[in-house]
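Quick one: the structure is below, questions incoming.
All chains are identified by letter, namely A, B and C, in their written order; residue positions are counted from 1 within each chain.
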Amino acid sequence: MEPNPLFTRSKEIRQDNWGRWLCYISVSILLLLVVTIIYFISSKGIQTFTKNHVSVWSFLTTADWNTGTLSGGKTDLGALALMTTSFVTTMLAAALATPLAFVIGIYVVALQPKFGQKFVQPIIELLLGIPSVVYGFIGLTVLVPIIRQHFGGTGFGILAGALILALMILPTITSLAIESMRSVDPSYQKFAYTLGCTRWQVIYHVILRISAKKLVVAVIYGVARAFGEALAVQMVIGNTVQMATSLVSPTATLTSKLTTDIGNTIDGTLPNNALWTLALILLLISLAFNLIVKGFTKGDRAA
Amino acid sequence: MNRYLIDRICRWLIYAVVATVVALILLFVGFLIAKGWSTVNWQFLTTASDDGLGIRDQLFNSLYLLILTLILSCPIALGSAIALTIYGEKSRFASVAKMAIQALSSLPSIIIGLFGFLLLVLKFKIGFSVLSGAIALTFFNLPILTQSMSLAIATVPSSRLDAGISLGVSQWHTIIKVVLPEAIPGMISGIVLSAGRVFGEAAALIYTAGQSAPKLNYGNWNIFDSNSFLNPLRPAETLAVHIWKLNTESIGPDAEVISQGTIVVLILTIVAFNFLARQLAHHWQHKIYR
Amino acid sequence: MAPVATYLQTPTEPIAIQTEDLTVTYDQQALWPTNLQFPQHAITALIGPSGSGKSTFLRCLNRMNDGLAKVEGKIMLGEVDVNRPEINVYRLRQQIGMLFQQPNPFARSIRFNLSFGVMEHQHISRAALQEKMQTALEMVDLWSEIEGDLSRNALQLSGGQQQRLCLARTLMLTPDVLLLDEPASALDPIATAKIEANLLKLKQNYTIIIVTHNLEQAARISDYTAFFYEGKLREFDRTKQMFIKPHLQLTNDYLSGNFG
């Protein structure tokens, strides 16, 4: 007697096992990658403290960075100046870009949706495609000379860095702002109009009020992108580790220091380890931004 | 002050700001193109940088790295996207993975570059090479590509999957023969858009693919020869890295001209990618909904 | 828990499929032990208010709840309990076809829609496939409507045509049992009438189980009716009997529209 086909295996079982296996391998590669990145950079980064016995406190709270022969054998490792410059430059960039991004967002969503969507938004998003070295190059060859002429100094410094970063994160914040303003239920707007509100009142009291939380997230995304940007900043910041005395004095950020020095130090030495510590700080701050966004969006979903 | 007046003032202010910003951006991009336009010609594209005004090898390196990166990242991203959107839609594993992908996409590209340097160049001793660069770019590309592929797959109604399963077809064959073909337009535009990002990336490459472009022999198909254009273990400076390198270390007499020309090539290629993404998506849409 | 009043008639016809103490649990219990016998080559309607467990019950029969819910008890298809883990669910679903609430054709040609399942399971010649497709389309009265043009995209068809194409797609595998989950709820009255005509024709050869919210529909086409309420099977009887004189007050209230 032929066995009942319901009790025999068929190729479909094999297909599903195989497909599931393939897909889960892929995800595992991604997970492994994240874990490995964090592990590698952490294990390298903490050697400054565990192997070279530099104090964590002084690393984070002093501002001098001297390694190698230029300082005559004297070694100072303080990341405060680097971190300060990173934060100040980033915040300044966000402060410049955010109002513009919101204004453009309002224009595209609430004032001229047709023209905005067809022309303005694509033009803004054109900036997204431009590689960061191009921004750096423009900063170096156009912006820095202009700053030098009008504000004095060498032209290199926080101002140049912030302006370039502002341009770079403008499309990021704008796109997200447009998305979040668009997600406001149009029936609220219609309702407000029937109450006799002016357009500006609808924009201010309805659209901005309701999308406020998402707009904050948009800005955080922009800030995170600016904070991690390396090459464009490195090309215009001046690359001198010191507390900036003005917006036009040369200084350095976490990312610019890493970019310039990691190839010039020998693996395993203290100056090299100290750079990996900077990388670790950068990694942790990036993950922190990620957590902040997560916190914001989580509240959203619950509401 | 009258609220109608406020309304009018605010609106005109907004119009003015938008007009200014748009004008500035157009000026900025126009300036970039205009500056380098005269430099770009056939000779510029086909001369090795050692021999004069040219970017032949950098251009090839960029394309070579791009292709290798896509070959490495597409299957992994696709598999992950399927796992996240279909297999483990609500599982705990998937939510952990989604968090990890988000974290990965939030990492600065310099961190990816340094990690690649640590793992590939120092640990595995692959050296500054095409291979190291392609793997680092894959790390860089994976989170974004996975997210865009997940989105593309999620646009296909889940009822298609139910239909396939109710016919006794395996879930896997329903996915690859019904769901994925329908998601192709979205996936293709995701891939091409990510290609644009990869093509212009420099920070992930300066310590992985290296900062030098040895002169290549395009007739040498032996991938083990150091001057073969296909050799995956030679250093490979790309267009973006070239611009950075020219402007940070060796400011030669032609640095500015070459940079400007290279920028035009970079931007036009990326714009072409974006255009292509839209066209391909359109084409496939027609093919499927014929 | 106080026992609830139930009335279950035993059909006199041969039984195609029956459940024995079938229960379903998601996070909470969705279906209490259910014993139902479906007569062969007849239409059985499952009725009841939303959330009464009838759709949940239906989806168990071809194991579509696998991985989504805990399904316990027996589902006897002939002599075989198909709710056991060692059952090949892929083959089971070829024997028990399903039609969903929303028409869900693949966004491809009509030909692809019809041939997909067959090609996955059998080796079949081009000519035989063509003939099979024509037969299936004729059974649902779609062949003449599309003028034999199988290359058209299924999404270009009207909603009712799409649903009948889905029915034809299921028939391509020549199942024994057809499960229909409110197949006409998204359709207009004319399209609904066409589907109903199809079903009345199909019951010569198929055992049909249909979930419906439309009581007139149940009365029009079904031979037997099962009434579900709050996750429990309450009454099962010949449709004629139930719609004329239900045994339970609850059923009477539901049928006369006092709640629902």
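Note that a contact is a pair of C-beta atoms (placed from the backbone, for glycine too) under 8 Å apart; a residue touches a chain by one contact, two chains touch by 3 or more.
A quick note: this is a predicted structure, and the numbers were derived from the prediction, not measured.
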May I ask which two chains are joined by the most contacting C-beta pairs? A-B
Taking each chain's centre as the mean of its C-alpha atoms, which one lies nearest the mean of all protein C-alpha atoms here? B
Could you please state the distance in Å, as a whole number, between where the Cα atoms of chain A are centred and where those of chain C are centred? 54
How big is the gap, in whole Å, between where the Cα atoms of chain B centre and where those of chain C centre? 49
Which whole number of Å gives the spacing of the CA centres of chain A and chain B? 17
Which chain A residues touch at least two other chains? 12-13
Where chain C touches two or more other chains at once, the residues are 90-92, 120
At which residue positions does chain B touch at least two other chains? 168-170, 173
Can you check the complex and tell me which residues of chain B touch chain A? 3-4, 6-7, 10-11, 14-15, 17-18, 21-22, 25-26, 28-29, 32, 75-80, 82-84, 87, 93-94, 96-97, 99-104, 106-112, 114-115, 117-119, 122, 139, 142-143, 146, 168-173, 175-176, 196-197, 199-203, 206-207, 240-241, 243-244, 247-248, 256, 259, 263, 266-267, 270-271, 274
Chain C-touching residues of chain A, taken from the complex the two chains share: 4-10, 12-13
Of all residues in chain B, those that touch chain C in their complex: 157, 159-160, 162-170, 173, 177-178, 181-182, 288-290
Taking the touch rule as given, give the residues of chain C at its contact with chain B in the complex, in rising order. 62, 64, 89-94, 97-98, 100, 102, 104-108, 116-117, 120-121, 153, 155, 166, 169-170, 173
Can you list the residues on chain A that touch chain B in the complex? 11-13, 15-16, 18-20, 22-27, 29-31, 33-34, 36-37, 40-41, 44, 100, 103-104, 106-107, 111, 119-120, 123-124, 126-127, 129-134, 136-138, 140-141, 167, 170, 198-201, 203, 224, 227-231, 234-235, 255, 258-260, 262-263, 267, 276, 279, 282-283, 286-287, 289-290, 293-294
